[in-house]
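Quick heads-up: structures coming right below.
Here chain A shows up in two complexes: once beside chain B, once beside chain C.
So, the complex of A and B:
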């Protein structure tokens, strides 16, 4: 997939609150489709549809473990999206500095 | 607008290559609708439609100067989107470090 099309898909995938919540959950570790559906008041097929959108955007990989499908987050598209936004940060006066501070704090808070 | 709805709109707005190109152009300075339409093989009404999407997402502000409409980029929604992605960066092993390096290089390259 060329980068432009990939950014279309990544930003499109992230434009939905359920899909962002799935991404958030997967940052804490791999999960089955059932585990991902749990916090939401939506059906398994609905979650599966969201997962397909995330999968097409390359954000999520689904693998089969016996009868269970495990989902895993893929970091590259998120990093590309982040870099795209950050690369235009030069127009935000001082914003890169505040982002750096934010990152430093995020790392400190998580003991990275 | 609540933050969730705002992120929906921001990511949705950024999921289109023409809209991303408009954002890129506006990072270099304010522009009229005509100036924004110039590099694209699309009609003024089509550009205007894209601008409406960007405006609804809070990314662009249109002001009237005589008979011309000037467009200006608003940084806050982009920063929110960036922070949303970055805040889940803890799951990318070492990615925050590489983003910091990227930001340092971006700042050096632009003499900020």
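So, the complex of A and C:
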């Protein structure tokens, strides 16, 4: 998958308040589907649907432990999203390097 | 040139509800009028606005509120070809402030950058008079998607801090 598409998936998956709350809860540690559903006024299947969206975006992994399924946060997509935002910092730092060189040379040649 | 090695790491601001943004600041060795002209006069602008991996640049800049701009870049690295940075001036206040939208057409084939094609990220350039020099600060915001923009009071930063503790 190209990174742009996976970033869209990350941002898309995080566009829902219930899913954001699930992600926030998982930052505190792994949890079962039942534990994740607890604070919400929604059914287990509804939570499961949200988990599927998060899973498809690569944000959450579900594993089976005996009879219960545990959910775990995968932090890589969010790191990618932040890295992508940060890459624009690099872009502008580079442009300012270039502008600084230009202004220094222009001053020397008095041609600005 | 004395900027810290990776200053953007501290200046990523994904915490606000409306915008994921980056900020950069620099003191430049020229008077404010000259620095402002380097941003607004097309022939001067094309002489320095060269992102790495591009051989030549030309610029059409209609610098007035509502005016549009188009920067043409010739790529020399990875896949050669032409890319365009395009947008519209939202605010023009010589010699203090420029605000414009920022987007790509035919973006360079770099990971992630295509995601910017579809959105109207926004750049604010502030020029501060420091006598013989000028302090310039650039904020590039709305570096996110429509969906993310709908966020209200969601603590990206808090969550990421927690993530850092987990990882």
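Note that the second predicted complex is superposed on the first by the 88 of 112 C-alpha atoms of A that agree within 3 Å, B and C clash if a C-alpha of one lies under 4 Å from a C-alpha of the other, contacts with A are read in each partner's own complex, and residues count from 1 in each chain.
Convention: a residue touches a chain if its C-beta (ideal position, glycine included) is under 8 Å from a C-beta of that chain, and two chains touch if they have at least 3 such contacts.
It should be emphasised that the depicted structure is a prediction, and the values quoted were computed from it without experimental measurement.
A.B. asks: Which partner does A:74 contact after superposing on A: first (chain B), second (chain C), both, neither?
C.D. replies: neither
A.B. asks: Can you give me the overlap between the chain B contact set and the chain C contact set on chain A?
C.D. replies: Common to the two interfaces on chain A: residues 4, 7-8, 11-12, 14-15, 17, 20, 23-24, 27-28, 73, 75, 78-79, 82, 84-92, 95-96, 98-100, 102-104, 106-107, 112.
A.B. asks: Please give the residue numbers of chain B that touch chain A in the complex, ascending.
C.D. replies: So the residues of chain B in touch with chain A come to 4, 7-12, 14-17, 20, 23-24, 26-28, 73, 75, 78-79, 81-92, 95-96, 99-100, 102-104, 106-107, 110, 112.
A.B. asks: Can you check the complex and tell me which residues of chain A touch chain C?
C.D. replies: 2-4, 7-8, 11-12, 14-15, 17, 20, 23-24, 27-29, 73, 75, 78-80, 82, 84-104, 106-107, 112
A.B. asks: Quick one: which bits of chain C touch chain A in the complex? Just the residue numbers, please.
C.D. replies: Within the complex, chain C contacts chain A at residues 1, 3, 7-9, 11-12, 14, 20-24, 26, 28-30, 34-35, 37-38, 44, 47-52, 111-115, 136, 138, 140, 143-145, 147-148, 150-151, 154-155, 159-160, 162-163, 166-167.
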